[in-house]
Amino acid sequence: QEQDLPIVRLGLLQYGTVNWEAKTIVDEGLDEKYGFELEIVPFAGGDATKVALMAGNVDVTTDDWLMVSRQRAMGDPLVFIPYSTSIGAVMAPCEGDIQSLEDLEGKTIGVAGGPLDKSWLMLRGMASESGMDLAAATTPVFGAPPLLTEKLRQGELDAVLNYWHYNARLETEGYCEVISAQEAARSFGAEGAVSAVGYVMNEEWAEENPDLARGFVDASRDAKEVLAESDEAWERLREMTGAENEEVFQMLKQRFREGIPTSTPTQERDDTAIVYNELAKIGGEQLVGPATEMAPGTFWSGLESGS
Amino acid sequence: MSRSRSATAARLLSVALFFLLWHVVSLYVSPRLFPSPWQVATFVLRETESGVLPYHLSITLLRVLAAFVLAMAVGSALGFLMGRSRGADVVLQPWLILTLNIPALVVIILSYIWIGMTETAAITAVALNKIPNVAVTIREGARAMDPTYMEMARVYRFSRVKIYRDVIAPQLQPYFAAAARSGIALVWKIVLVVELLGRSNGVGFQIHLYFQLFDVRAIMGYTLAFVAVMLAVEFLALQPLDRRAQRWRPKQV
Amino acid sequence: MSRSRSATAARLLSVALFFLLWHVVSLYVSPRLFPSPWQVATFVLRETESGVLPYHLSITLLRVLAAFVLAMAVGSALGFLMGRSRGADVVLQPWLILTLNIPALVVIILSYIWIGMTETAAITAVALNKIPNVAVTIREGARAMDPTYMEMARVYRFSRVKIYRDVIAPQLQPYFAAAARSGIALVWKIVLVVELLGRSNGVGFQIHLYFQLFDVRAIMGYTLAFVAVMLAVEFLALQPLDRRAQRWRPKQV
Amino acid sequence: MRMERSLPTRDLTARIDRKEHIGADGDRLVVLDGLELRLAPGTFTCLIGPSGCGKTTTLRILMGLDDEFDGELDPALREARIATVFQEPRLLPWRTVAQNVLLALPRPDLPRVEAALASVGLEGMADRYPAQLSLGQARRVALARAFATEPEVLFLDEPFVSLDEASAGRLRDLLIALWQRRPMKVLMVTHNLREAVRLADRIVFLTERPARVAGVAEVELPRDGRDPEAVSRFAAELARRFPGLAVA
Amino acid sequence: MRMERSLPTRDLTARIDRKEHIGADGDRLVVLDGLELRLAPGTFTCLIGPSGCGKTTTLRILMGLDDEFDGELDPALREARIATVFQEPRLLPWRTVAQNVLLALPRPDLPRVEAALASVGLEGMADRYPAQLSLGQARRVALARAFATEPEVLFLDEPFVSLDEASAGRLRDLLIALWQRRPMKVLMVTHNLREAVRLADRIVFLTERPARVAGVAEVELPRDGRDPEAVSRFAAELARRFPGLAVA
């Protein structure tokens, strides 16, 4: 019978954090429970998953709402489903002289993901509210995330704005979070946490396969519940996380759990729209395309009708 | 006899020196940034035993082989045509410069989007990246050919086979050797990118995974595994072929 | 005269054909995946006016130039040495194969880590990637040299300058041309990766940025801007040099 | 002179009205200016002219290696089986001596290759590469190659230089023997008047560049009466008849 | 024979006990076996021997191009200013005629280059590339190059082949004139006995391979009495004295 189940192809970074949830879905049989079979298609780079979705080789992948909104504005009907609110943050040595956003003035700061990175723009927006031009006041160095982490360790960079799983490792090595993009979101007026990443799928596919799309979202939610409560489930993931020691492993577990979205879909959509407007101001047309507001339907409508 | 034996000795010494140097450097650097040869060797052994490395390596090698053969065949034909016919050269030249300079990334993404994320797309993308390089090299060879041999062949009404096999190929041999050696390396480098961007296996896929984890040991391990294969190809296949091809040459002063 | 004029005509026609083809294809494909030449041209114009494209392009060109000169100089010297001395060849061969086959990514990352995220590291990394390719090509050239000319030079006690300038360089010219042409393209491709991984400006940086936005129009625009520069270099510098270097050759049959 | 006339019995004619070479700097150089040649069946013609007058250029045109001239070539020349000894040996350096000869044959025929090499005194050198030969040996390979193909028309551009007199003499005898066995047309360039007298039926003298025919001499000596004495005498006579062209 | 003896007046000697060539398949071939040569100051020596006996090999050893032999070379040879005409012209094809000559001079001296080219009859060809020359013209450039350098020792490997008799005669005269003006040692390989008699002081005959000295003849004819008649007579006499080696 198993063969009869329809397949959902999920394109993922092999060691991406989303993979933890996906593995849990399979291990716990949650996909079968909701009437589909999950096929994980691993890739080595984030760009690859994007290309795979464009080329129609996977049904679901992960990305952020900025990208989804921009593609929608250009006529590509993608939809976004929040996955995690664990977002980028600035890390610096705990003992150092960088304790707040203002302390970054005159410092060299590594920025993962380039000048259009969502977290970077959010922090710039927050800084500008207090009259600081973060891009001008600091020397940003754009580069590959692992390389930047390494450069912080080497002391070549004073601080690094990086993704949360890189930061979790740094936290075990004497580095502290200076400020997180989530704080920026709050400063813009968001009430809850906004998502950093989410599942992305083609709206047409979701409409043609409503049960699959729905089932996938339900399985994801169940998996999060398992990971939130069960330490055993985490043991299965231990190797997959690539944690080099127990401390890192526990930190990753803790941060992952904190990142499970708690807002209602509507609230999160509205919060995100607020943040989007701020980003549109900073990033301009280059970032968001012709639309100055988040494209309607960016958050999958199926979410609100359901849970 | 004794000459080739001393060459083997020198070669081994050279390789030993390499590992020694590596070992010494690794003593002074954090092992996370620069693991010692033994750490890398342990990793390679473990991954080999588990079958993971042989799996990814063999897949990558197949891709390299396919793209290499394709690129050499098409590139040589194109380069030869351009070297021999001024008309073809003038017309194709802008295209050559264009394709030479299109970033690998662009070609790869367009192939994936157009052909789909398939093996065909991957190999096509790699070959497309390499073809202009081969063409550029072979073209120089075709231009530098000595016309007196061709005249002789025409007088004696050489068949087409003889002309290509006995007159043209030997003159292009050094260019072909250069294109092949730097070609296989280039193909491999692009295969890595192709695997990063849209394949779910292969050495490039693995290397990038480990790059995300900043596991230098694993990156080095996979790299060296491929290099070892290339060294074997070099010494067991290319060099004997080379020696054969060079046999007729007078000694250099 | 008329010959070179008709060549220019053929060349222009060839370029026109390229744009026509592009235009036709773009009619049938989503402009998001494959924008028309006009859309790309508009983008390039706008970015040029705003000064953004010239800024990034000139930075990239400087990097390409520096790495290219470095790689050609070191690679040629190395390749020549290996081609001329069997001892050097045997000893350096394994190193050559190793460096040829180390993925660009690995070299770039190690340079950044060791030298720092500086311009020096970037250019070193690119040059290191390219050196073995140059060496491999020039080595074939050095091997294929005709010893009779060197004998003549020795009898007449040619000075060192004369030997290199008048005896060796002309024989290596086609190999040098091949290495340079495919070299500049390779250097540019690696510069893109270097800029992507750890520089905050340059065409590679921009292309990657636009890739994240999936803005094919911008990617093509930046690519073509570079290709245009290369075409200009080709027709204004390389080809006249080439013609000079080929002047002595008898016509091909 | 006995001869089995089975192959083309027509005269082959060539008329070269004008042939120019183009120098590096684009200047034009008239090399041949109204040159007519006729190769009669079974005749042995020698071409004598000063260095640089256009002899090699003429041969190249006749062999179909150079199309850029004004004039007319007998179309039969294009189809005829031809062979040549160039002014330099032009062996393929990457092929052995035996392979060089073998390649010139329309069909592989190893015994014939061996016989040809033996006939020029190169037994046991079959597996050498050309770089391992002395120049005289290389020239002999080129001769062996030309002879082995049994051509209908044979072009020779100073084939017997760089050879000691003894070897050259033997090879001249070999050439005559071959030519008497098969009815081929031979056109040979030489600077050696005595050699021409010894071998040829007709000697064509060319002028300085631009080359025209300055005179034609029929060698009326009987083939079996061409001993050194007779040859010297005839050559001296020619030198008198064509002053400035022939030097005895 | 008057001569300003300012330069090395010693005899130069070379003793080649044994010289082997290695074939492609690794077999050894003894080429020279106990060959001794002496070049006396201001003498003109000719080397005559059958094709492939080792003449070019000998010259190469004397010129310092081949170190792999058993024997001893006069160290003065290594320092002397030497010049050579190889068996093939060996011009750099990517340099013009004038550049080819100029490069061989220790110091740039354009007038001398022009004079040298004029002396071999190549006025107006200075800017051509070697591929645009006839073989005879290329040989003459090689001669001009050798003459222009005013060497202390001059090696010639069959320099006058591929030239018509008139040109060859003029060039022989030129060589003798040069040699009489400056006290250089000349070693010339030739296959032409009459040429050797006309030019040389001594003629060294070599045996078949492996080459040894088979005989040495002093040419006792006075320089101004070497008319064709006398040369022929002397050559015939040599042919009698060295049967099998010299062919008149």
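The letters A, B, C, D and E name the chains in turn, as written, and every chain counts its residues from 1.
Convention: a contact is a pair of C-beta atoms (placed from the backbone, for glycine too) under 8 Å apart; a residue touches a chain by one contact, two chains touch by 3 or more.
Bear in mind that the values here come from a model prediction, so they are computed numbers and not experimental data.
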*Chains in contact with chain A and with chain B: which ones?*
C
*Please name the chain that ends up farthest from chain D once chain centres are defined by their CA atoms averaged.*
A
*Among the chain pairs here, which one is joined by the most contacts?*
B-C
*Looking at where chain B touches chain C, is over half of the residue numbers used by both copies, so same, or under half, so different?*
same
*If you average the Cα atoms of chain D and of chain E to get two centres, how far apart are those centres in Å?*
27
*asked:* Measuring centre to centre with CA averages, how many angstrom lie between chain B and chain D?
replied: 49
_Centre distance in Å when chain B and chain C are each reduced to the mean of their C-alpha atoms_ = 17
*asked:* Can you list every residue of chain B that touches 2 or more other chains, as numbers and ranges?
replied: 33, 109, 113, 151, 154, 204, 207-208, 211, 247-250, 253
*In chain D, which residues are in touch with two or more of the other chains?*
24, 65, 88, 129, 132
*Two or more other chains in contact with one residue: find those residues in chain A.*
47, 54, 144, 150
*Along chain C, where are the residues that touch chain A in the complex?*
32-33, 109, 112-113, 116-117, 196-200, 205, 208-209, 211-214
_Touch list for chain D against partner chain E, complex_ = 21, 23-25, 48-52, 55-56, 87-88, 96, 127-129, 132-137, 140, 158, 161-169, 191-193, 244, 247
*Would you mind writing out the residues of chain B in touch with chain D in their complex?*
148-149, 151-152, 154-158, 162, 166-167, 170, 245, 247-250
*chain A - residues contacting chain B, complex*: 13-15, 41-45, 47-48, 51-52, 54-57, 144-146, 149-150, 242
*Which of the residues in chain D end up touching chain B in this complex?*
60, 63-65, 81-84, 86, 88, 90, 92-95, 99, 103-104, 106, 129-132, 145, 149
